[in-house]
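Letters A, B and C name the chains as they come in the text, with residue numbers starting at 1 for each one.
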Amino acid sequence: MDSFLKAEGLWFSYINEIEEPPVKTEVLKGIDLDIKKGEFVAVLGHNGSGKSTLAKCFNAINLPEKGKAYVDGIDTSDESRLLDIRQKVGMVFQNPDNQIVATIVEEDCAFALENMGVEPAEIRRRVDEALKTVGMYDYREHAVHKLSGGQKQRVAIAGIIAMRPECILLDEPTAMLDPSGRREVMKTIKMLNRELGVTIVLITHYMEEAAQADRVVVIDSGEIMLDGEPKSIFTQVKTLRNLGLDVPQVTELCYELRQAGVDIPQDIITEEECAQALYKLLA
Amino acid sequence: MIKDITIGQYFPGKSPIHRMDPRVKIILTAVFIVMLFLSKSIWGLLVGAAFTLVTFFISRIPFKLMIKSLKPILPIIIFTGLLNLFFIKTGEEYFHWKIFRITDEGVNTAVFMAVRIICLIIGSSLLTYTTSPIDLTDAIERLLSPLKKIKVPVHELAMMMTIALRFIPTLIEETDKIMSAQKARGADMETGSLMKRAKALIPILVPLFVSSFRRAEELALAMECRCYHGGEGRTRMKQLHMSAVDGIAFVFTAFFLAGVIALNIIL
Amino acid sequence: MAVIKTENLTYIYGEGTPFEKRAVDDISLEINEGEMIGVIGHTGSGKSTLIQHFNGLLKPTSGSVYIDGERLWDDKARLRDIRFKVGLVFQYPEYQLFEESCYKDIAFGPKNMGLSDSEIDKRIKEAAAMVGLKSELLDKSPFELSGGQKRRVAIAGVMAMKPKVLILDEPASGLDPRGREQILGMLKEYYETTKSTVMIVSHSMEDIARYADRILVMNKGRLFCLDETEKVFARADELTAMGLSVPQITRVFSKLKEMGLAIDKEVYTTPYAVKLIMQRLGADQAKG
C-alpha cells in the first residue's frame, strides 16, 4: 500500500511571546509516522499530549520546526501547494458549532468548493452527493442551528467530503455529542473508510471508538509510545493506564480475571469476543 | 426573553416573494422606504400601507410572526405617537386640560407617524423573513461590487456579515445559558439601581466575550482548513438571476410609487 | 426526609405557539437527604429542564416543587434563599468564569449569599481543597488554567455555597479519561465527606453505574423510573430500546444469558463482574 501521510523526525513547538523572555513549549518531539492510503487510524493520548498538534501538521496549519511532514508525497512546507494539501486532507473539529460558516445546511456544505473556485453546477452536484453520503440530504435547506449535535457534525463532515479529500482528520469529533450522536458520526466515519476508501485519522478519548480502527497510535508528551493493531495495544492495560488512558470495559474485565489467575485470552476487545470467552469459561 | 427577538431570522417558504432575486428585493425595499417618506398625506401613506399588506399577504409569513417582530418597537411607536399628539398645537382643538391640548392635526400626525413606522418595520422585516441571511449578504456583496474598484473590501464585509448572522442564534443560546448559570450562583439581575444592574451584567458579558473569541479562533481555523483564502477566485453555488417574478415585482412597485406621487400632486 | 420533592410537575415550552413542547410531563418524585443520584435520559428527554426546576430557574407550568419542605414560587422573595440550598453546575461550567482571579470567581456565589468576608475566605479555601485546586492557583486568572483546572474552579464556586443538594450536568464531558476519573472521584469524596445529596446527570452509564445509589431515568419528558441502580439495570432491554446505551459489561452479561447461562444478578461494573465470575469458578471447582 502507498504511504499517504508521513512524518519524519517531526518537531513542533509553541512559542508564547507575551512572556519575557518568550517561553517555548515543545509539543512534538521527533515523530516518525507513516499512514497508508485507505487506513483507519485512531490516535489516543491525554489532553496536551500533542495529538491535535500532530493532526494540524498534516494539513499545513502547523509547519514543522524540524523534520518533515508529507501529504501524498507533497512537502507541507511547500507554500505553493497549500490549497492542494488542504483539499487532499480535510479536517473536522470537536465543536460542531464553531466550524459551520453558513446558516443553511447546503450553503455551508458548498463553502469549501466555492473557495476552490469550482463551477456552480458542479458545486450543486457535489453538495447534493456529499449530503446524501452522510444522510443529511433531506435537511439541505434547514437552518444549521436547529440541528442536533450529531447532525451538525455530519454536516461538517459533508462540507469536507464535498472537497473529495483522500484523507479526513477528525479531532475528537464525538467529544461534545450524546451517545446517539456519537453512534451516527462513527457510522458515517466507518462508511467513508470502508466504502469510499477515504483514509481516516480519528483522534478520540473513547476506547470503544478506537477499538473499531485498523490501527491505534498512542501519543504521550509529544512522542509515539505505542503503534499497532487495536488488539495488541489494548492488551497493554498497565501501560495505557500509566499514560492516563482507559481500555474498553471488556478488556479491563479479562485483564482483571487474568490477574486473578483465570485462564482467559488477553486479546479481547469486543463484546462478542468477551461473551464467547466467558461462555467457554463458565458453561 | 432574549430568545424572542426575531428580526433578521429567515422564515423558509416558497412564495413568489421568497423566489425573488434578493438584489431586486433590496432595491425594491429601498424604493418602498422612499415611497413611505414621499407620501405627504394620509392618502399617499394608505397606498404605501396597501402595498405593504399585499406583499405581506403574498409572502405567506404567519401573522403571529409579524406581530412578534413589531413588539420590540412598540414603545417607539407609542412614544412618537404621544409626542405628536401633545406637541402639535396647530389645528382645530379637540380637548384642552391645563398644558395639554389635543388638536385634529396632532391626531392626524400621530396616526400618520404610527402607520408609517409600522409599514416601515413590516416592509423591512418582510425582506429579512423571506430572504435567507446568506442570500441577503450575497446580494449586498454583488450590489456593492462596483465599489471594489475603489478598494472597498466588499467581500470581507459580506463575509463578516454572513458569519455574524450565522452566530447570532448560537450566541443568544449561550447568553441564556450563562445567565441561568450565574443566576444559579445567586446573581441578581432584576433588582437594584441602574448602576447595580449594569454591574450585574459583568458576569454575563465577560464569559460571552471570552467564548466569542474562542469561537472566532476555531472558526478561522476551520475556514482555513476548507481552503478559504479571501474573495479572490471564489465562485458561488447559487447564482442570482432575475426571472418573471422580479419583472412583475418591478412593475407592481412602480405602479404603487406612481400612485403615491400622483396623490402628492393631486392633493 | 425528602430534600427535593415534586408533585405532578409539568413544564411546557412556548405555550400557545406552534413550537409548543411538553418538556417535562407530570413528574412526581422524592429525593432524600444524603443520596447519590444518577440522572440519565437521551438529549431532549427533559432531564435538563427537570433539574432547572429544582432551584427555581424555571417555573412549573403546573404542579409544585418542594425544597426542604418549602414550596417554591409561593413567595417570590424567598426564591433566592431557597435557590442557595440547591447548587446547580451546568455543562461546561468553565465557560461561566469571569473574575480576574480564581479566588474572586469562587467568591461570587458566597458573596451573593451575603456572607461575611472571613466566612467567604474560609469557604473558598475549603472548596478549593475539596476540588483539589492548589492554593497558589487561587490568585491566578482562571483563563490561564488548563481545561480540567478551570472546571474545578467552576465546581468549587458552587460547592463554596454549601448547598444541601449539588446537581451537576455532565460534569466530566469533554475531558480525557484521567480527567473524568479525577472529577468523578472528587465528587464521590465530596459526597462522602459532606454527606449532602449529589445528583449527577450523565450520558455515560459506566460512570453512573459506578457511583449512583439510585438512578432517575427520563424518557420523552416523563419519569421512566427512579430506582436502585441494580433494579434499573435489570431493565437493560428497555433502556436500550429508549436509545440509551447500557454499560458494555451489562451487554456482555445479557448476551451470556441469551446463550443460556444462568445469571441471576445484574452486572454493571467491572469489579462486580470479576467477583461474580470468580465466585462461579470457585463453586465449579468445589463441585469438581
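The rule is short, and it goes like this: a residue touches a chain if its C-beta (ideal position, glycine included) is under 8 Å from a C-beta of that chain, and two chains touch if they have at least 3 such contacts.
Nothing here was measured: the structure is a model prediction, and the numbers come from that model.
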More contacts between chains, B-C or A-C = A-C
Using C-alpha centroids, which chain lies at the maximum separation from chain C?
-> B
Between chain B and chain C, what is the separation of their C-alpha centroids in Å?
-> 43
Taking each chain's centre as the mean of its CA atoms, how far is chain A from chain C in angstrom?
-> 30
Residue numbers in chain A touching two or more further chains are none
As the complex stands, chain C meets chain A at residues 42-43, 146-148, 173-179, 203, 206, 243-245, 247-249, 251-252, 255-256, 259-261, 270-271, 273-274, 277-278, 280-281, 284
For the chain A and chain C complex, residues of the former touching the latter | 46-48, 94, 148-149, 175-176, 178-181, 205, 207-208, 244-246, 248-250, 252-253, 256-257, 260, 262, 271-272, 274-275, 278-279, 281-283
Counting only contacts in the complex, chain C reaches chain B at residues 17-18, 52, 55, 57, 80, 83-84, 87-88, 90, 93, 95-98, 108-109, 112-113, 143, 157-158, 161
So in the complex, which bits of chain B are touching chain A?
-> 10, 12, 132-134, 162-163, 165-166, 169-170, 173, 214-215, 218-219, 221-229, 233-239
Chain C-facing residues of chain B, complex | 62, 64, 174, 177-178, 180-188, 202-203, 206-207, 210-211
